[in-house]
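One chain, chain A, links the two complexes that follow: it is found with chain B in the first and with chain C in the second.
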Partner chain A sequence: MADDVTIIVDGITVTVAQGTTLRAACDTAQHTVPTLCWHPNLEPANACRACVVEVKGSRTLVASCSRLVEDGMEVQTASDRVTHSRKVVAELLLSTSNADLAPDLQHLADISGANSERFAGGDTWEQPIQDDNNLYIRDFSKCILCYRCVEACGEDAQNTFAISVAGRGFQAHIDAGFGRELPESDCVFCGNCVAVCPTGALIGKAEWVLRRQGQWQEDRITTTDTVCSYCGVGCELSLHVMDNRIVKVTSPMDHPVTHGMLCVKGRYGYEFAQSEEG
Partner chain B sequence: MREVRRLLPPLDIISAPTSMQRLKDRGFSRAMERVLGMDPRDIIAEVKASGIKGRGGAAFPTGFKWESVYEAPGGNRYVVMNADESELGTFKDRALLEYDPLGPLVGMLIAAHAVGAKKAYCYIRGEYRPIERQMVNALQTLADCGWVGPHAVEVEVRRGAGAYIAGEETALLNSIEGKRAEPRVKPPFPTSKGLWGDPTLIQNVETLANVTLLFAHDVEWFRQCGSPQTPGTKLVSLSGHVKNPGVYEVPFGFPMADIIADPELGGGITGSGRLRAILLGGAAGTFLSPDQISATVLDYGSLGTFDASIGSGAIMVFDDSVDLSWVLRKLAHFFADESCGQCVPCRIGTRRIVEMLAQGGLYSRVQDLRDLAQAMRDASICGLGQTAPTALLSILDRPNWQGA
Partner chain C sequence: MGLTTVFGSGAGTSSYEDFHRTAFILLVGSNAAEAHPIIFHHIMKGVRHGAELVVVDPRKTITARRAHEHLQITVGSDIALANAMAHVIIRDGLYHQPFVERATAGFHEFANHVQSWTPQRAEAITNISASRIEALAKRYASAPTAMIGWTLGITEHHNAVDNVRALINLALLCGNVGRPGAGLNPLRGQNNVQGGGDMGALPGRLPGFQDITDAEVRHKFERVWGSPISSTPGLDQTQMFEAMDHGRLKGLYVIGENPIQSDANSRHVRHCFEGLDALVVQDIFLTATAEMADVVLPAQVSFAESEGTYTNSERRVQRVRAARKAPGETRNDLWIVTALAQAMGINWPMLEAREVFEEMRHLTTNYRGITYERLQANHGLQWPVPDETHPGSPVLHDRLWQSEVGMRAAFACVGWTPPVEAPSTDYPFILTTGRRLAFFNTGVQSGVYDHPHNIGEWMEIHQDDARQLNIEDGEVIAVISPRGRVEVPAYYSQSVTPGTVFMTLHFPDEVLTNNLTIDATDPQSGTAEFKAAAVRLARL
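Now for the complex of A and B:
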């Protein structure tokens, strides 16, 4: 087809549609690149640099999440420069943030052979947990500043724009405006930021409490898909149930109605279903 | 030598810097009138023939940039004058805008005419408030001539808020749009998708001043100064252990050592009187040893043999009492403070460099520093993170140099 573009990924010739990202083209070649900040339903933020690849003729490495294919591009997904940068990115993040609930970061560290101690010993993002509302917890010691929450809160999903990045350099952080607590901010508690957070820095309060009590056990959790009963939009809900109680509500990221996003009622208004009162 | 004065006005000029008379005295009105009678393609061809390269640091051929914007599909087009001069040791745009602001501003209007822009922005460093007033007065003079305004080119002045990163061209665009000054990923380049997604030409103050001089004269006159590869003159900001610090204009190809030593220029080393090094190009620049200084001229090819570049034209001179590892620690702090925080290699890398240098890691953790520097150069989004380790590497690459 005229709109197709042919590129070479690690020696493999791949033909994809114009407008495809390098990341997707690498997927097509089955040479998947690791990602942290990239999310299928959000605009690429280009922030983590885990997905960099080497493009012939380019002075620097290229973030494959956002760069579009151009005819004749020659791409390497595992050159020495690429694997070196991935490893350093993982080491830098591990030296700063708590990766206990960050499977993608743990995976990046594993495949790149990162040494978590190499750059450790300096400043970290360790800080008190922000527990200022009944619906979700903000534990920024786990944050890797991937921008996913900002994008989900903004024009990629919710269009509320309650949070943004404030400060700069190592002090850059997610902020609800002038350091306000969430109830005082523009937050509408849709929890879409929580849904896209890859590190557990944003986590539903019910899950956080159970984890703290040592009672959160993935193998005891079942999910039941249903349709939200609050309004007529028809959002698909996945009810995560442990011991016959709903402990979390999500929506499938590939669902055509929600794209994984919900409102405060669908995501957090489930207590009535398990209320003992008539 | 006698200092060349082309970009800088002659010392005996008596007209006020923002006056109508100055426009005439300097040939700027002649330049503007000539351009208004030209086809955009001819203007661009003349800029290309002049060989002007961008003076902000990247030295991209100016005419080719103009052509890209001219040919880019899209309705609105913009021109931006980057006066967010923030590179350490760099104060030449400030001198230009103070002593001869009509030069760069007319260059901006010429650029707007060439690429078909009806709107231009002057993005000026927030700390340059007195300079900004001078610039606004100069814009009023140009409005009185009918060259600035709703029926010509509308010009808006935007003030930076103290961020080094806002001088990076795509961060600057975000700042103008009212967003956080974070760099955008390139491509797409601003020439095709700049302000509000439209083709945008961004040029440094000094580049635009060169454009005005070109059209006040012609290509042949312009190329009389400088080297065949890089025609014209360069403003250098000389500071540190030098007798006469200040802004000087020298032709490209001028010996580096003479900039420091010539009695009419730097006038020689002060302090101990013995030169240890210069830092060329500001915080993102390269250290040059006395041997290298003697072996180079102010041109990209010559300096390239030592992996150095002119950058913004900042030359910081250090005598042999200065511990260059102390300078490196200062530079590391600067980058850690000025990183926007968007990408991991720069946000965390700049902090780790500060920490490693504070612990004496320049000597003990060379491999870790090199590995970190490589990832920052390769994987940072913008020039800040990519060049933050440059000065450090220029020291590490010369282990036997008695500098650090």
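Now for the complex of A and C:
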């Protein structure tokens, strides 16, 4: 078709539609690139550099999550330069942030051969947990500044714009405006930031409490898809149930109604369903 | 009701995704950002793609603040606005002539009817300037595609159906129905309003909106059900209350509703219920209504403890599944209804939800091609789904654009009448009601979780009004209507205009807002005018 573009990924010729990103084209070639900040339902933020690839003729490495394909591009997804860059990205993030609940970051470290101790001893983002409401917790020791939460709160979904990145350089951090606690901010507690957070820096209070008590056990949790009982939008809910109690609510990222996003009632307003049992 | 009359089925004509690809979005009486947050995501995606968003609402809501233009209209004046827009569109020849000629009926009468509805006339009623009405009409008519969405701001009025018909008129004029990115969309207030109507939970309908007065329809169901069906439609809720009031209705079985707190003019509703010989309430909690019951049947939480389907505002039928074991002696609604029938000596078998669905779909064209397996595989399906290979219908009524138009869509000559209660010397304010984001209806569901903004009910008042009455920000005051009185904290708000105050129904145990609301109802839809009651305010 006239709108198709042909490129070469690691020696494999692939033809994709115009407007496809390099990341998606690499997927088509089955040479998937690792990602951290990229999310299927959010605009690329170009924040993490995990997805960089080498494009012939380009002086710098290219963020494949946002760069669109151009006819004849020759792309390498695992050149020495690419692998080295990913390794350093992983090593720097591991030196500042707690990756306990960050499977994507752990994966990046694994495939790039990162040494988590390489930059140990430098500054970290370790800081007290922000526990200022009973719906979700902010643990910025785990934050990698991927911007997903900012995008989900803003124009990619919620259009509330309660949070943004404040500060510069190493002081850059996610902020609800003037360092306010969430209940005093513009936050409406939809938890869509929590839904897209890749590191557990944002986490539901119920899950956080259970994890802290050592009670959170994935193998005891069942997930059942049903529909929200509040308004008439018809959001599909995945109810995560442990010991007959709902402990978390999410929505499938590929659902045509929600795209993984919910409102505060759907995500956190479930206590009534189990209020008769202690 | 309005949609059923004009198009033959009472449902939104588009999909949420149509908001992504439309050029123009007109929201009337809808605070989607708070009442339908995830539909609002779709709306804002359309705005990002270049759609113009215009919000018509007496309050400057969160939704209105995100719009390109907000028309802060006088409560209950929507018909005047819509008629004047139609006037401009016809006067300037901006309507879609081929569509009007091929697919609609009654255009000439309608054109005559709106001839007197000049923007100047509407300005005096709506408090929106004639020039803004002119400009809006022209932009709506010249947009290549346009969506109209509405919510309870349109339907909770004594002239609800007329309000809806006035909006439908605009879409018919401009051919904005039956094609992608163009449609008419009631955003449903509750999870299964659409599904309940689809299943015939209406006095004169059987599943699929099939008319109970049609002998052929009745015969079809009678054959399968093995039981005669009365050709006389039953009563809608308003008619039931009337019948209770007059002692003609003595027994009531309430399933999953809390009318003592959710219906307008609560004291009157309570009075009606007190006259019953027998009240049976089936619910998950001992609600205020259940407290009055002779028998309470403990039910299971539908979305988390039962099997079945809900149907949403875009006609998407989706599976509901039990995720947890329900407590104690509770039973699911289907079990209870069947057991009740058996106790009455009727030999109903105890069926699974799936078996009931199977029976229903074979009797209901819109649902015929839907199976539980297909719902599972597709994240639901949008009816009509006439057979098991049909992919579902994102857009309704595309027939209006095809060679076989079928039933023509009729214009309605609707007049404007003000809300039943006008502000007076004794009751100088208009109380309008609505929802807040974190809460829902009478709070049976939303009152339980720990939301940081849960400070109970409060009233929004313009600070000019408050200062004139020496009411301090946050002061607890009395609000009095001809029907009742409540006490509530009043906070200054930039959302309401002087003369209008706003409350919700979310905290009825502390503040029973429905003591104030008026039970003037639309004779066709049976919906009460929750959006306009005259009140006075008094310091304590």
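Just so we're on the same page, the second predicted complex is superposed on the first by the 276 of 278 C-alpha atoms of A that agree within 3 Å, B and C clash if a C-alpha of one lies under 4 Å from a C-alpha of the other, contacts with A are read in each partner's own complex, and residues count from 1 in each chain.
Here, a residue touches a chain if its C-beta (ideal position, glycine included) is under 8 Å from a C-beta of that chain, and two chains touch if they have at least 3 such contacts.
Here the structure is a predicted model, which is why all the values come from computation and not from measurement.
With chain A as the common reference, the superposed partners chain B and chain C fit together side by side. Centred on chain A, the angle reaching out to chain B and chain C in the chain A superposition, using CA centres, is 110 degrees in steps of 10. In the overlay built on the shared chain, the residue A:172 is in contact with chain B alone; chain C does not reach it. When the two structures are aligned on the shared chain, A:269 is found in touch with chain C, with no touch to chain B. In the superposed pair of complexes, A:41 makes contact with neither chain B nor chain C.
One of chain B and chain C touches more residues of chain A, and that partner is C.
With both structures placed on the common chain, the touch criterion links A:233 to chain C but leaves chain B unconnected.
Annotation: superposed on chain A, chain B and chain C show a minimal Cα-Cα gap of 13 Å.
Residue overlap on chain A between its contacts with chain B in one complex and with chain C in the other: absent. If you check the complex, the residues on chain C that touch chain A are 16-17, 33, 35-41, 44, 48, 66, 187-194, 284-285, 301-305, 310-314, 316, 318-325, 327-328, 379-380, 437-440, 444-453.
Note for the complex: chain A touches chain C at residues 132-135, 155, 157-159, 182-183, 188-190, 222, 224-237, 239, 241, 244-246, 252, 254-259, 261-266, 268-277.
In the complex of the two chains, the chain A residues touching chain B come out as 44, 46-50, 52, 60-61, 63, 66-67, 81, 84-85, 87-89, 92-93, 95-96, 118-119, 121-123, 144-145, 164-165, 167-172. Contact residues on chain B toward chain A in their complex (touch as defined above): 163, 165, 180, 182, 185, 187, 336-345, 347-352, 355, 368, 371-372, 374-375, 377-381, 386.
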